[in-house]
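Both complexes shown next keep subunit A, but they swap its partner, so subunit B is in the first and subunit C is in the second.
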Partner chain A sequence: MSQPRIPAAEPSWGKRADLDVLNRDIPRIDGPDKVTGRAVYTHDVRIPGMLYAALLRHPVPRALVESIDVSAAEALPGVVHVLQVKEAGDELRYSGDDSVLAVVSAETPEAARDGVRAIVVKAENLEPVVDTERAKEADAPLVNYRRRADSNVAGSRARGDEEKVKGAIDASAKSVEVSVEIPTQHHVCLETHGHVIHPKGEGERSVVYASTQMVSQHGGQLVRPLGLENGQGDKVHVLTPHMGGGFGSKFGAGVEGMLCARIARETGRPVHLMLSRADEFAMGGNRSGSKQTLKLAGDADGKFTAIHVVAERHGGQGGGAFAGAPYQYEVPEVYLDAKSVKTAADSNRAMRAPGHPQASFGMETAVDMLAYETGVDPLTIRKRNLAAKMQRRQLDRVAAEIGWDEHPNKLAPGVPENGIGVGIGFGVCRWTPGGRRARCNVTVRPDGSVVSATATQDLGTGARTYVAAIVAEELGLEVGQVTARIGDSDLPPNVASGGSVTTGSSAPAIKDAAHNAREALEALLEDVLGAEVGDYVWKAGRVHAVGDPERSLAWKEVCALLRQPLEVSGQFQQSLYEGRILGAQAAKVEVDTMTGRVKVLKMVAIQDQGLPLNRMALRSQINGGMIQALSYGLLEQRVFDKEDGFLLSDNLQLYKIAGAQEMPEMVSIIDDSEERDSVCGMAEAPIIPGQSAIANAIYNACGVRMTRMPFTPDNVLTAIHGSV
Partner chain B sequence: MQPFELKTPASLEDAIKELPSERSYTAPQPIAGGQDILTVMKDDIEAPASLVEIGHLLSSEISEEPGGLTLGAGATIQDIADHEGVRSGFTALAEAAASVASPQIRSQGTLGGNLNQRPRCPYYRHSAVSCFKRGGNVCLAEFGFNKYAAILGGGPSYFSHPSDLATALMALGASVVIVGPEGERTVPIADYYVGPEEALDRETVLEAYEVVTKITVPRPASGARTTYYKFKERDSYDFALGAAAISLRVEAGTIAEARVVLGGVAPRPWHSPETEAALVGKPMNAETWKSAGEAAVADAVPLDMNGYKVHLVKGILHRALESLA
Partner chain C sequence: MADPNQSAPEGRDPHSGGPALSRRSFLKGAGGVAAAGGALSAQAQAQSAEAATAVQTMRGTVEVTLQINGQARTLRCEPRTTLLSALRDRLEPALTGAKQVCDIGSCGACTVIIDGKPAYSCLTLAVQCRGKEVTTVEGLGSPEAMSDVQEAFCAKDGMMCGFCTPGFVVATHAALDRNPEADLEELKYELSGNICRCGTYPHVFDAARAAQAARHDGGEGK
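And then the complex of A and B:
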């Protein structure tokens, strides 16, 4: 066949009114596989001769290892390999991956766990230092292990002229001060972290099944433990066919991946090492906690004048995340002092909008308090201090949807009747989803089949579906006629899924590949239908020349012109992407002041973004953001025993996440007001303000200001009555 | 979980022969629905050398007679929640059954197992912990994380008893029928549970060699209404943060008889005569409910993190009594 011509036109998303596939509800193409159990996750991979590995973790964060005796474990039937990770004399420095003492690999998962139990450990446990208040004390053991560190308080950075800000606050008509406390949250991926690694002999590539957010980049980390050299990442074949959630916790192989690779190399057998749920809580990552004291001042109309924020990030061994101040709103005079308090807990990791929900809770609380203090209602004060016109309009929209107009408590909280109050609260969000270099290949075969392939991963977001849908749109096909191939490091490289970059990077590359495929086919059609490249309409499984529907071919007839498969590639195009999005949310709650029960009755979110590729998936992401924020606000909390350092919340009984009964009526509104001719991701924005809106709704319902998350009955009753 | 042998005796008599004379970490234990014992074993709290299957030997029948109910200990919790006679005549029991865990657990777990379940204190359930309840010499909840701990009847151990059915059955004046090597004995459920001040290795008077076979429940007095109000921290699926089982007879606006048992606040279902005294002879109104709540917690001894339960109990009683008004 002749070479495809140089593309005649730049790819473009086209007018929304002309779209047949995109900007509509598309059921996800892997839905049936997932609900019937056909989808194979890393956890499900079984390979003949595979070993099951289980970890032995020390139960407290800090200890000196005196001895580890693995002989009984090695002698157990079914146990094949015991990897001793720590030795006598080693110091265990923090909870999580530093607590892994040994890994037992066996013919069955049960034998591996029996092996773990048979290991005899003697250790001197040290003061755990899991509490940030304790960590700050002068005589606390140093758990900040950075070189030359002499304090557990780190990374203190002040910004702004404190005296000037204090002066501005004093000179303002109104001001409020509040201290908030936010616990550590976990990602709680349904699928825990882990790998199945199949080592291969000389000349063959090792196969790594990984639950990872970076299938393209994952292999490079495993070369060393697999006995390869740096730069030999291409000798590792990474597969992530399906994935049970990541939320930012699955960048890289982790200690568990390194250990899995090492055991695979040492035994020469495939190894299945997935974290148990308890392991997952201990070492699978978390969203850092925070303490903040905010002073916010405004004029008599509620226009903000100055803000003073002192914030702590509680990221365990990590630095913690905090999105700064003032968060989202316009404040002329700003002082911010943010520091990190280190403890011997495992490091925080990226989690869906890292640092933003924490900053939102502090700021939205202060904004809300200043509204009531000033006598300006909480909706108006927000609109008065937001720069973007779009966001002010979004606030009006969620207010209308939640019933703010007819709600009685606008300038003062309600007075509960028979203990019950109903209130409404607001919050806003903003995000800048990225777009980076990514590639995609589209293959059209003479039999009419189409494959769209790129090494992205579907964390559960629905990414797989648009890999097919974008191509279907371009070629006038139905989604089911295009096969999406993802989750394979052999495919054209794509980005790691963080910062909502997946869609902004992938979609332009897929679009570009589809565009190139279409033009290559149109070049073939010149002799058949007589029009030039760019002068065809592809619709409903047929192609015809512009303005001449009679000159037309069916899709299969077009493909029959091919003598061999047509394979074209595409890459990220800046012109197809733009990343800036705004949103607003409202929550309506019912509070029982007698029992401390908070029931969220309704949540409304509006979210703008680029072209909605799949409106159903988009609403799912907005719903998911509201749900995760509701769960964060109402229930979630990591619990360590402060004295001994046991992680008590290492199970789903004590680490509570919201279930069906907690779900409110949810309204997800896709903001179509700006028809941007571009695409971007959006999933981080809608998780940001939900818990803030709920806290503000609680105050609006009954006058109880929740400064401590989560809003569980104990915290609500303590806020009402004080400590007993 | 340690490997164990599963025994499947042909009769209850044979099953009892397989049971040990005393409790220990490795002593054999009975299993029916397995919803508690298997979690205890998975968390390495106990490691019985054998489990003695009794599920197929217990009656699962729920029979209603004029005098009351007889429930086989093998009845599933869902059977109880769904039973028409239980729902209409023994509302508190039906409500308690419906409030337990999840549909899966209710359909698998049995009445006998629910009454005999072990504490849910996070320390007790933590593999690495040694505490009073596990043969150790300390209650870590007393000075540690005690948000879920007991405010009544605590000490030396401060867990709160997890059974919803026990709380409801105690308010209904049920009795527990027990079979052992010597034959059958019947214990009023009010005497069935023992607090930590009496024994730390158990929560009931049931001996290691005995099996609960039946529960009998007298029909509530004519005109009495009963309810089980369970308050969960997470509505979807949780143990009781606090609960109240109430049987009440109101005559012409005045409370003539009352029986009140609190759940989730003490190491055993907590019969509260103080609350009953504050109700009987009083008008059925919010003021009475308030004083009943105050009476209920008059002797409460909160720990560092569970003082809220003092207020919660008052709120629960208000809501439970309100539902009977």
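And then the complex of A and C:
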């Protein structure tokens, strides 16, 4: 790799007015592949001789295996391999990956499923313990499998002086108390988890197609199951050309990945093991549920004085996530007691802003209640208790957009006419998107072609597009002139995509590489155009010296000066990144108090971030955040049968997510008020407050406080009448 | 593998366009378990008994020739193989644009057009499609020559991860062909058989509206 010159200047994003590519609406470069079916996802990988694998899961969380007979499965035509995962005498301890009894691999998907059906299992089912209330009882079976654990309640931690906080609440002019319940949500990636593993893909290397959020790091876990030694990670080549969503659920190979690798090794054949939709619900992860009791107090003007929060995290076998208290707002006296209640349900995983929508729902509910209790309107009380001026401005902006000024119900909820009420509610969000070490290579060839390469993955965010666009901006090219290469573990390493770190890490590295490429080319131009490195203008496919636009070269002419391909690398630069973002949202709803139906009429979000790399993709993501929150608020909840432990909501008919008919009018505003000269991710923030704003809007419409999600007709009617 | 000689259901003309499958024989073929008789009304019992004698069970693999994207494509599959699986798992080379997301007709990611009508290919048996015109997302356009709807999806960012996108593209084509004057509410209705987890609906609506407007301005779409 040749790096002809020491960079003369630090890379910078430049003035927004000067940008030709970034900060605009850029059509995704993989759009044409995605809209025509040409894009190949892991699900779509087809390799000659490939086996299809299917899992057999025990249908309830806890059981003692008495026997597993796979002989009939093995004898079926088309069945090639049966991997027995559990043995007689094994204890199944929780729902999900511990329920996998066997994997059948066959020539066709039908034969694999036949094989699964042909396995005979005898087991004694045990009390399932999927209900958190039951798990807390003294005589409940212990499903907290941590060493030395003696209770299903774990990780209890209290913060703050409880007596002092109680005293402050009693001494305050106004206070409210509320208990809220937030269900477990699933990620519902439309592409389920899974792999296609080709054990002898390239000579001595195994090729692993994976639907993963960490293409750079993914291979490590598969080394052992593939029969390799530690340190032979270079013998595993991971590819994620496209992926159908992740939302936090796709870190690591998972049990399914390990099993896929093992079967590939044992059969010597490529294996396609993608979870079925039912498997995905049972073992693909979830956002933990929560129960919280909040007491919030304030003075006569609605300035908060103290908060007391007792919270439970419901993460099944996981610890659960809860973003703490006070959430977002300033409260001087705080007491928080948060603990985790373990059940035999599968573990929660990271899900877009882990713990935040739960904390938002509790806090925004209490804030809203205190507003009406104090006689200060819900917009004003929020502005009064937020530290950042920007967020107060954002609230005004969404209020104006949703029609708050003209809205009649400001200090008290409306009275439904003919049973129908219309209301408005608010919520705020904040996130700290990370920025970590990442690398990128840029190659410029004498024929003028440009490749920008980094081992990131595009979860649907548009990452692939900015891998090209940032380089195009720097070199005065069009996006289409730069080829982006991502989704390949052989490329320069990049971060796992979690916590909105991808853009904050990748974009600076790409910018740095592009900057280095530009300076290397400028070094060649000294003899031709006469200016020093750093004194050129690259625009519209040409370059000229600053102040001398008459003498210029076309891009192809510049590249023709290269005797060999120019290859430069770049890495994460702290100066190009800054991670803190704020936002606010408003929702307007119509509530039919006769039927309990809630229709969201309009949602508005404003979101700031650093330099918007691709405004259109940003609006897509802000919309997506609002829609996922709307879906969580109105429709989603995981349902277990408490008695036997069957997961009842394991398909898309019973676990419903929002569709076209639920879509309100949506307004996504990119906050350009601070022109920060930095870049960061932003996907987590807009998913945080939507369900809170909708609940507050329901109250504002008709005076019914929804403390339990989702706001389905039966939950709404129960809130109105005490029962359906 | 199953007996390759058993190319047609016993006793039936293999060119007759496929057997009329009843729910009962379908369940039998799929290895499922029929519902307990006691739950069925007398009339339904009589009907299913009649169907059971009229229809023979298909087993093994059959050769089917399907008209896919204007080409005759021949493949071997089982009677119970869905059109979706035939496209994705049996065709050589495979057509993987239609996605398998739920496999039970609740997401729309597998949508194709059969004889001009949108259909869930996961709920359609491949053998039922003999003699019918099947159009998949690949048949509507290619990256080099996109259809008007595909162009509009790109221009309006009607996709994020893109896994639902082929289904939405096909459904949008079908919707605009069926109801060229659809207003936004009607479009929402037409697209309500498809779901998107990333939350692209607003931009999908924009794309559909843009394609619709372009058809009005510039005549018929592709």
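Please note the rule applied: the second predicted complex is superposed on the first by the 717 of 724 C-alpha atoms of A that agree within 3 Å, B and C clash if a C-alpha of one lies under 4 Å from a C-alpha of the other, contacts with A are read in each partner's own complex, and residues count from 1 in each chain.
In this text, a contact is a pair of C-beta atoms (placed from the backbone, for glycine too) under 8 Å apart; a residue touches a chain by one contact, two chains touch by 3 or more.
Every value quoted in this text rests on a predicted model; they were computed, and no experiment measured them.
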Let me test your reading of the model: by the given contact rule, A:L717 touches which partner, first (subunit B), second (subunit C), both or neither? first
Task = May I ask you to decide whether A:G324 touches subunit B, subunit C, both, or neither, giving the answer as first, second, both or neither?
result = neither
If we overlay the two complexes on their shared chain A, which of subunit B and subunit C does A:E643 touch? Say first, second, both or neither. first
Under the stated touch criterion, which partner chain does A:Q653 make contact with: subunit B (first), subunit C (second), both, or neither? both
For A:P59, select first, second, both or neither according to whether it touches subunit B, subunit C, the two together, or no partner. first
Of subunit B and subunit C, the partner touching more residues of subunit A is C
Determine, under the contact definition given at the top, whether A:Q661 touches first (subunit B), second (subunit C), both, or neither. both
- request: Go through the superposed model and pick first if A:G541 touches only subunit B, second if only subunit C, both, or neither.
  value: neither
- Message: Applying the document's definition of touch, where does A:G419 land relative to subunit B and subunit C: first, second, both, or neither?
- Response: first
>> After the superposition on A, what does A:M594 contact: first (subunit B), second (subunit C), both or neither?
In response: first
Shared subunit A footprint, subunit B vs subunit C, residue numbers 114, 117, 651, 653, 658-661
The subunit A residues in contact with subunit B across the complex are 59-60, 113-114, 117, 418-419, 592, 594-597, 635, 639, 641-644, 646, 648-649, 651, 653-654, 656, 658-662, 712-714, 717-718, 720-721, 723-724
As the complex stands, subunit B meets subunit A at residues 1-3, 44, 120, 122-123, 125-129, 140, 143-145, 147, 231, 233-238, 241, 286, 302, 305-308, 310-312, 314-316, 318-319, 322
Counting only contacts in the complex, subunit C reaches subunit A at residues 1-2, 31, 78, 80-81, 85, 88-90, 93-104, 106-107, 109, 136-138, 140-143, 146, 150, 153-155, 157-166, 169, 187-189, 191-192, 194-205
Residue set of subunit A touching subunit C in the complex reads 25, 27-28, 30-41, 43-44, 46, 52, 77-78, 107-110, 114, 117, 187-191, 242-245, 247, 276-277, 459-462, 616-617, 619-621, 623-628, 651-653, 657-661, 663, 666
